[in-house]
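Structures for review follow.
In the two complexes that follow, chain A is the common piece, with chain B as its partner first and chain C second.
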Partner chain A sequence: MNTDSIRAERVITDGAAGIITRVEELAYELKVGEVMTSPARTVTPDMRMSDVLALFRDFKVSGAPVMVNGQLVGIVSIADLIRALQENNTPAAVSEYMTTQVTTLEAGSPVIEALKLFAKTKVGRLPVVDQAGTLVGIITKGDITRGVLRALETDYQEEEVRKYRARHLFEDIVSDRTSLTLRYKIQQGDFAHGGNASSHIKRALVRLGASPQLARRCGIAIYEAEMNLIIHTTHGGVIRVEIEPHQIVMETIDDGPGIEDIDLAMTPGYSTAPDSVRELGFGAGMGLKNIQRCVDDMYLDSTLGRGTRLEMRIFLKPEEQLGDTNALADRAGKNGGMSQ
Partner chain B sequence: MMELQTVIDLVEGEVLTSGFDIRRQVKGGCGADLMSDVLAYIGPGALLLTGLCSAQVVRTAQMADVAAIIFVRGKRPSLDAIALANQERIPLITSAHGMFELCGRLHRAGLRSLETPA
Partner chain C sequence: MTLQDIIQQLDLAVLTQKTDFSTITPAAGYASDLLSCVMAGARRKAVWVTLQAHANIVAVAALLDLSAVIITEGAMPDSSTIAKANEEGVVLLSTQKPTFLVVGRLWEMGLRTE
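Moving on, here comes the complex of A and B:
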């Protein structure tokens, strides 16, 4: 497809090959038809330039397609109007000043096509046509900016909706004790994805209503633990996070090699990490101590040759509770009343 | 507090990512090459100065709520690190100057330390 070839082109030409920000992504995702102004204000060739002036002024536009019986025959812009004004010739017909060589865009094209055309042709606006070639609107760079900003705002709102839904998760499901369990498989030596699981966990906690401080404490602890699985285990292991409104329990479990001397492993500065790991900024022998500092309770159980289980527990104060705590409190109140 | 644009000017930095707010405020600074040091001793909202270029720097920054990262002595992070930073909207900046020089410039301009002593 056309857009793929554009991406391929970028990968070769762009120094930061293939790195596409959300705004750039939107330039490919959004269609011209979604951001254009529609319908376009149009004029006819026999109208006077003074009529064009009135139209531009009244409707705050800077250009208009020129139409005859539904056919696009030209475009008249503010630059053409200025020319007519300079020549004191506003009674002249539009046909005298309009541009007849008009580049058009299809409504179904991605916005990136419009951006490329603006760069290439130096024009300020482009008429937009449907597949049959009928004029359906007009697009300017301003329309694109507004369209992209609108889409970014929608992204933001979607995240807000996600947070809203996640926060009400505990409220919507009725049980004596509801918890949400997240599981992640971690491969030994997989430094390229190191931190992915922790990143998902931190994001989940934020969506569930965790404060930035709480999300940060959990994020740091589980990230250290995730790196430990990648660095120190034989095969890797699993991360299991159980989230309840009043507490978060994070665990890492692996099947070896196990820790010979747990007290020694807990000593700051003690490390068995190889230099390759130290080059990545890890393996300084601070991980477990750091985890301990972030969580309320840490439990480390290991058998040499069998494996290690690290449990990290964070208790949430009433004001930190996850989910919609008012609703939970209400329900608890009601349940209490019913059981009496 | 210091605006990111001021930071970039002070360090004569080159910005490597996009999609972030150039007027974002950084609350202080921290210089480290050891990610565990960062995770243990940096305050939230800090500017991180480092010579380490792996994607783990960006992950560490994300976990520790780092506001922006400056790579010292002209170092450039890997493409995965840049991609990750774009995704997570963490600004990456590179400067030709060394760690001591950059910390000095920022501190002198009023950016406080957000490193907790051991």
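Moving on, here comes the complex of A and C:
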């Protein structure tokens, strides 16, 4: 049941749109050299077209670069071979039928360049050269399709393996009480990286099997706390998140300046943020209130001149437990059955 | 209504990677320039209208799983912000129009927040 709902959710979120996007990205990320066929089967100008026929048949290729002393002088394709066959002239030399105007591609170019060239030139294959101009392989549309599919599969498997490992983390380790601790150092004034720790924490929770709602609650709470360290502290501070199957404890600790009046700080709309920070959209005086709304338990301890410690706790319902969700759900199901 | 419809009808510039916006259906709307208000008020899959253009809008949009951010009054995020948005899968759109007009048009198009 649980597995099914997780799977269904992935289909919707990653759906067709996501895959199209990723394919487009891959066209820019993947290099020609990563998807080409290498080495290419080559021929020489003095070979006969009947030899070309044998090569194409034996190696199931549809084109071959024509080489003289390591230099690319042309390309011969199945279309050239058909012409020779029609003219009953297979004993003719390759040089009579080959194309000499050859467009080449550099192995380091992104695959998108190959796609553009295929669209522009209408050729079926392009020889691939290195920076020195030496032939290193050949690329067809089929190579690109295979390369992209391979990359997509790798992406998918990597994330699945990560999620699988994370979900079974707690199950595989035996102790009286197992927890996972994440720590992040936050620098005062580092707006450029504001929210990075929160994003990483949210992602970790999703991999551990947290529902989107749970990951969002934790994300909002920890983001507000992270921004407080960036905006309000003297030197910054640390974020510490302790994850257990039944609860998540998030904590921020800093060494100053401390909060003078905690009740006042908790009042919606109250903020001590300077104008420069308010211009960025912070300092609405909502941060601590947002945190309180998102977590089950919040504890704020501060000494003026010494620092502040904020502890946020989220308790997980039996069906939300992190670690091995399936095993826990099964156990809950069995217990329910026995009590009846 | 899809994000594609919104982009066309409001004539928005797409700042991040182009994807198939017709498969994204915004579920709500939210307008504020105060990030904590957005954190408190914006629903999942909402379109957020703001004139903030600095890097932290990306973190907010990613944490809230927003459908898109419409940056108003011609405010322009820097290239590192756009790169970060692409990394996080956040859609950034831009317009010269003020927030009030953008929200009005979205409302006319039928976008609601319950």
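Everything below uses one rule, namely that the second predicted complex is superposed on the first by the 185 of 340 C-alpha atoms of A that agree within 3 Å, B and C clash if a C-alpha of one lies under 4 Å from a C-alpha of the other, contacts with A are read in each partner's own complex, and residues count from 1 in each chain.
The rule we apply is simple: contacts are C-beta pairs under 8 Å (C-beta built on N, C-alpha and C of every residue); 3 or more make two chains touch, one makes a residue touch a chain.
Since the structure is predicted, the reported quantities are computational estimates derived from the model, not experimental observations.
Undergrad: Touch test for A:V174: chain B only (first), chain C only (second), both, or neither?
TA: After superposing on A, A:V174 lies clear of both chain B and chain C.
Undergrad: In the overlaid three-chain picture, which partner chain does A:V23 touch, first (chain B) or second (chain C), both, or neither?
TA: In the superposed model, A:V23 contacts chain B only, not chain C.
Undergrad: With the two structures laid over each other on chain A, which partner does A:G281 touch: chain B (first), chain C (second), both, or neither?
TA: Both chain B and chain C are touched by A:G281.
Undergrad: With the two complexes superposed on chain A, say which partner A:A132 touches: chain B (first), chain C (second), both, or neither.
TA: neither
Undergrad: Examine A:E224 and indicate which partner it touches, taking first as chain B and second as chain C; both and neither are also allowed.
TA: Touch partners of A:E224: chain B and chain C.
Undergrad: Can A:A119 be said to touch chain B (first), chain C (second), both, or neither?
TA: So A:A119 meets neither chain B nor chain C here.
Undergrad: Is A:R216 in contact with chain B, with chain C, with both, or with neither (first, second, both, neither)?
TA: Once the two structures are laid over each other on A, A:R216 reaches both partners.
Undergrad: Tell me the contact category for A:N290 with respect to chain B and chain C: first, second, both or neither.
TA: After superposing on A, A:N290 lies in contact with both chain B and chain C.
Undergrad: Looking at chain A, which of its residues have contacts with both chain B and chain C?
TA: 16-17, 20-21, 191-192, 194-195, 198-199, 202, 212, 216, 219-220, 223-224, 227, 280-282, 284, 286-287, 289-290, 293
Undergrad: Could you please specify the touching residues of chain B with respect to chain A in the complex?
TA: Counting only chain B, the residues touching chain A are 16-19, 33-40, 44, 50, 52, 54-57, 59-60, 62-65, 79-80, 82-83, 86, 88.
Undergrad: Okay, in this complex, where on chain A does chain C touch?
TA: Touching chain C from chain A are residues 15-17, 20-21, 24-25, 191-192, 194-196, 198-199, 202, 212, 216, 219-220, 223-224, 227, 280-287, 289-290, 293.
Undergrad: Which residues of chain A touch chain B in their complex?
TA: That would be residues 16-23, 191-192, 194-195, 198-199, 202, 212-213, 216, 219-220, 223-224, 227, 280-282, 284, 286-287, 289-290, 293 of chain A.
Undergrad: Could you please specify the touching residues of chain C with respect to chain A in the complex?
TA: 17-20, 23-24, 33-37, 39-40, 44, 50, 52, 54-60, 62-65, 80, 88
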